[in-house]
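Chain lettering (A, B, C and D) follows the sequence in which the chains are written, and residue indices restart at 1 in each chain.
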Amino acid sequence: MIVILKPACSLRDKAHVVALIEARGLRVHLDRTEGSDWIGILGDGAPAVAPELRGHPAVLEVRALETPYALASRAFRSQPSVVRVGEVVLGGPEAIVMAGPCAVESEEQIFATARAVAAAGARILRGGAFKPRTSPYSFQGLGAQGLRLLAAAGREHGLPVVTEVVAPEDVPLVAEHADVLQIGARNMQNFRLLQCVGETQKPVLLKRGMVATLEELLLAAEYILATGDPDVILCERGIRTFGRETRNTLDVAAIPLLKARSHLPVIADPSHGTGVRALVRPLARAALAAGADGLLIEVHPDPASALSDGPQSLSFDGFAQLMRELGPVAASVGRQLGEGAGGGQ
Amino acid sequence: MIVILKPACSLRDKAHVVALIEARGLRVHLDRTEGSDWIGILGDGAPAVAPELRGHPAVLEVRALETPYALASRAFRSQPSVVRVGEVVLGGPEAIVMAGPCAVESEEQIFATARAVAAAGARILRGGAFKPRTSPYSFQGLGAQGLRLLAAAGREHGLPVVTEVVAPEDVPLVAEHADVLQIGARNMQNFRLLQCVGETQKPVLLKRGMVATLEELLLAAEYILATGDPDVILCERGIRTFGRETRNTLDVAAIPLLKARSHLPVIADPSHGTGVRALVRPLARAALAAGADGLLIEVHPDPASALSDGPQSLSFDGFAQLMRELGPVAASVGRQLGEGAGGGQ
Amino acid sequence: MIVILKPACSLRDKAHVVALIEARGLRVHLDRTEGSDWIGILGDGAPAVAPELRGHPAVLEVRALETPYALASRAFRSQPSVVRVGEVVLGGPEAIVMAGPCAVESEEQIFATARAVAAAGARILRGGAFKPRTSPYSFQGLGAQGLRLLAAAGREHGLPVVTEVVAPEDVPLVAEHADVLQIGARNMQNFRLLQCVGETQKPVLLKRGMVATLEELLLAAEYILATGDPDVILCERGIRTFGRETRNTLDVAAIPLLKARSHLPVIADPSHGTGVRALVRPLARAALAAGADGLLIEVHPDPASALSDGPQSLSFDGFAQLMRELGPVAASVGRQLGEGAGGGQ
Amino acid sequence: MIVILKPACSLRDKAHVVALIEARGLRVHLDRTEGSDWIGILGDGAPAVAPELRGHPAVLEVRALETPYALASRAFRSQPSVVRVGEVVLGGPEAIVMAGPCAVESEEQIFATARAVAAAGARILRGGAFKPRTSPYSFQGLGAQGLRLLAAAGREHGLPVVTEVVAPEDVPLVAEHADVLQIGARNMQNFRLLQCVGETQKPVLLKRGMVATLEELLLAAEYILATGDPDVILCERGIRTFGRETRNTLDVAAIPLLKARSHLPVIADPSHGTGVRALVRPLARAALAAGADGLLIEVHPDPASALSDGPQSLSFDGFAQLMRELGPVAASVGRQLGEGAGGGQ
């Protein structure tokens, strides 16, 4: 529910309205957009307080939300928001490519990959240190050592880094090394973890769960936003369907739908979204053409020997080719691609 | 199974090999590609005849197919095939847009639509005369009268026409008026109907069923190809998933996958693929960027009053805007868009 | 929409109300249940005629339907309806097992199977003569010869027979031999075929499509019922989901849901519903426990050599064991099982 | 991989074999079944050590596993295992019903429910204290206070209690009060949480994720088993499909499939599995008939006022009726139902 205050509303009146709401056990979000001061009311019991607010002399209008999420909605912020990661801006005119290996495996591997993806035009380095693996017997990542290697490789090539965090107790350590904290698809509804990453106030890359509706994804984002962290990037990474010919089905329509319902930046992951190397390039082009603000791409020096997700990883050459292809596609929808992209250096 | 003949194979030897295969109750497909004469063996019992053929003096090689479909496969024809519809060529350098109303409703409606979509760059006119409707009480199309109106509107604006056929007994009538016969998603596995449309030897637009795997789609195409009709166009039109926020989930990855497995042209239908007007433009762009050979788009003079599928139909203005957007996207992947497209006249 | 007439309504008044409805291009269904005469209005435009009817002196009440289907709904017939097939009654106190091979393969095979399933307690013999096969190169059934063999085998063992019909032009032939016409899952929305089988006025076994909602299934039933054929049996046969460990997912909840929304009998097909022989018995028990009026079971003298669906077919011993297990389960939910069941007779 | 030792193998030889395996960085599981000592090798690298073991004089046989999970498989333990919770035995001849509210809401509510479900024959009391809710603004459970109330209510009526744990940091607190720790569907692949609950060595109720394959579920169980905790109960709770007429689709076939692949007890949750009160009874009957070892049922004193999941909760009367119906169904498949079942004995 949103309470729009009268233009002449005094600070005292505003405080009074807030007190009135909080007395009902509800939380407030104060904001000002398009020339109006307004108060967002967060919590299930909002409708009960509406009649009293409607009668208050400082209140211009009380408006119900059409969505169960509030902070993530266009109703709360009608203009697209941007997320800044160092000098990189997500949600602006530039389409941002984040690239790197599924898992950090060694110093040599991550430094070589960082160099290659930076040269081809990637703007953020990805790499997993804590890997959620379906089997307890699979390689689970290098942990703290992987984090340090990733951060060092990013620094050397001027790339901020994004990496996944899988448990609340790891959040402080990961936040120390990473510029963006990633929540994986399996943890999209690990609500305690969402709150913990929000509390770091760092940018969060939130991947859609394998069968999450868009409303569920936006409610997961709301868990983070409600901690006061405004910097959430949504990621479509493929849904699980009856299809057996790809690992997942990349739901390209989710990209424009999320951008219509929410002000948050939206990127796509065609590597997990297909699970098939030969499909990464066409689906990356499709995602940009549909309006994605960026892409997350798996790249490995030697995909055949990767410890995880080899079948969907691009080689350095494959990634460079992808970036050359993406430049014209980005331009065709009015976007630029990373400085080094498209052979345009 | 494919039998590749020796370069010096005489016509008599070839006839002998064919007779040997047919004696087992199998059918043959004779072809010549990349400088070699070869014989495709159609039928379940193909492996049983292989040993005898391997020993035949005219035979260079006997190769098993990796797929249950043969004529539709890249193994049978390694180069993309094109389907000609009058002067329009599907599967070539030009991306072909087919547009028109879900259903032909009146002379005025279909002529106005034909004029508008031709002006904007569409190359083929679509329109339903026999509509398969979920409820027996819904509008089922104008039937024969609708066919005549559609054909007349197409002629007036120089557009070949495509329309759906829903039952074997209607095939002769529909074939008389239509340039391309469409098999709808619900009939993808109506095998008798597939054989009937194949026997007309006209181009067929085959839509993927709502939960058909790509293998099932290619086997449905095989039913048509096995009648001797080589002109099949495949169409991705959205699959049914858990998602409730769109009518279907457009499986964009199916486009490059089908093109990799088959030589047949592949188009996409973002209107049914999403069911949401605001998503038609971004998904149309995505499909072209992923490599589609064309698009099927619903356009109506007044979508709000359409007798079917209004919520996903574009207005004339919306369609013109789509075509302007598609031009640069097509160019970014090395394709041209219809002559009148993209303001490029 | 349902128009309930006043108790004292004369025949002339009734005729007047009917004429008034038909003048709007709508169709009527006249019926009498629970002591009241009523008129069902079939067609999209029903709401438009409601105000005039409400003011008519012979009309007690005009009631809107909550469902898009009418004849299939509980609103039209609040008590369960039964379908009689010779002496067999579907939808009554006895749970009816229909059993037999996926396809009729030979005289020996179908006669042996008929004898075995009759001895074990099956009440209807199933067997395919026209098989819809995914590949054009697979065995497509014995056709007319298969029909004759099936009917003869059924006659010899006192079992009515059910078999699939796949195209409108085959309906007269199939209707000549079969006691129940089956519409397969792939043809659930082959609307022309639904109308053709309805016009035979014979009992129809309508299988749910692979991703049909229950509303779509009931609308398909409505196509048959609207021809004047009241004898439709619904069949849950498994839906296609992300699951890869069974051929389909038997949606057991569909059984009680269909029975709550419709008065039609509902059976289940655990053979296609799982595609795994070892799961047929537990799922058959589950379906009966959930309230199914019957079961459709694939049985073959030698499943390993079956020309189709061998992996899900029971042997004669397996079927006899199933029937012994089903007796107590049927009893536990207040049903009886076929006379010969339980090995006891 | 499993290493079966020769009958005469000395302890020294056995230790030698173990050392040889551990030297490769692999873990071992020592066991004895059906008269043989064997060593399970846990870890990805198992195949590499096989040749050396095959040549070892103490080794009778080295057998590869057909499944990626080991401890959960029938290959590791061919007989069903039972899980004891106080005096209650899961996986034995008695079918165990666990019942109670979705969330503990008040002392009055949980004590009244415990009394009612105990009287009707439930053997374990369920109730949520930490609730994972899709929206951050929904009621999230009473936390520690809810745990204490639940445990007290269970004690008063002689029922062990099961409750969900949602984060690693809560595990010690929950383990202090609960007899069985529940992992919810959203957390099935929260691998850190699985390890934490395993380390308590208490029984764990592991719910299948919304689109988890059975292999993924068994690998999640393997995470718990690999900590040394043998007491895992699997729970089918409905999968997410295209279906829109129920909240989830209860995959009844998963019950016999899981029991065939694993020795672990399997229960079903028809409350979440359907989300519709009227379907809980028929699906509970179906699950038992399919071989479930127990059921998890939501019961609330006043479902209409429940703070969560009201639409799928049974009233006390509804639950008593369910238990009366379940008695004969359990008997029909050779199981008994809880002492108090079937009318309050």
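Throughout what follows, contacts are C-beta pairs under 8 Å (C-beta built on N, C-alpha and C of every residue); 3 or more make two chains touch, one makes a residue touch a chain.
No experiment lies behind these values; they were computed from the predicted model shown.
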TODO: Enumerate, in label order, the chains that touch chain C and chain D alike.
DONE: A, B
Open item on the list: Need the most distant chain from chain D, centre defined as the mean of C-alpha atoms.
Closed with: B
Open item on the list: Need the CA-centroid distance for the pair chain B / chain D, whole Å please.
Closed with: 49
Task: Geometric centre distance via CA averages, chain B-chain A, whole Å - done: 37
TODO: Indicate the whole-number Å distance between the mean C-alpha point of chain B and the mean C-alpha point of chain C.
DONE: 34
- [ ] Find every residue in chain B that makes contact with two or more other chains and list them.
- [x] 211, 240-242, 244
Task: Residue ranges of chain D touching chain C (in the complex, touch as defined) - done: 211, 213-215, 239, 241-246, 249-253, 255-257, 260, 273-274, 276, 278-279, 282-283, 285-291, 325, 328-329, 331-333
Task: chain D contact footprint on chain A (complex, rising order) - done: 42-44, 68-69, 132-139, 166-169, 186-187, 189-193, 210-211, 216, 219, 222-223, 226, 240
Task: chain D partner contacts - residues on chain B that touch it in the complex - done: 211, 240-242, 244
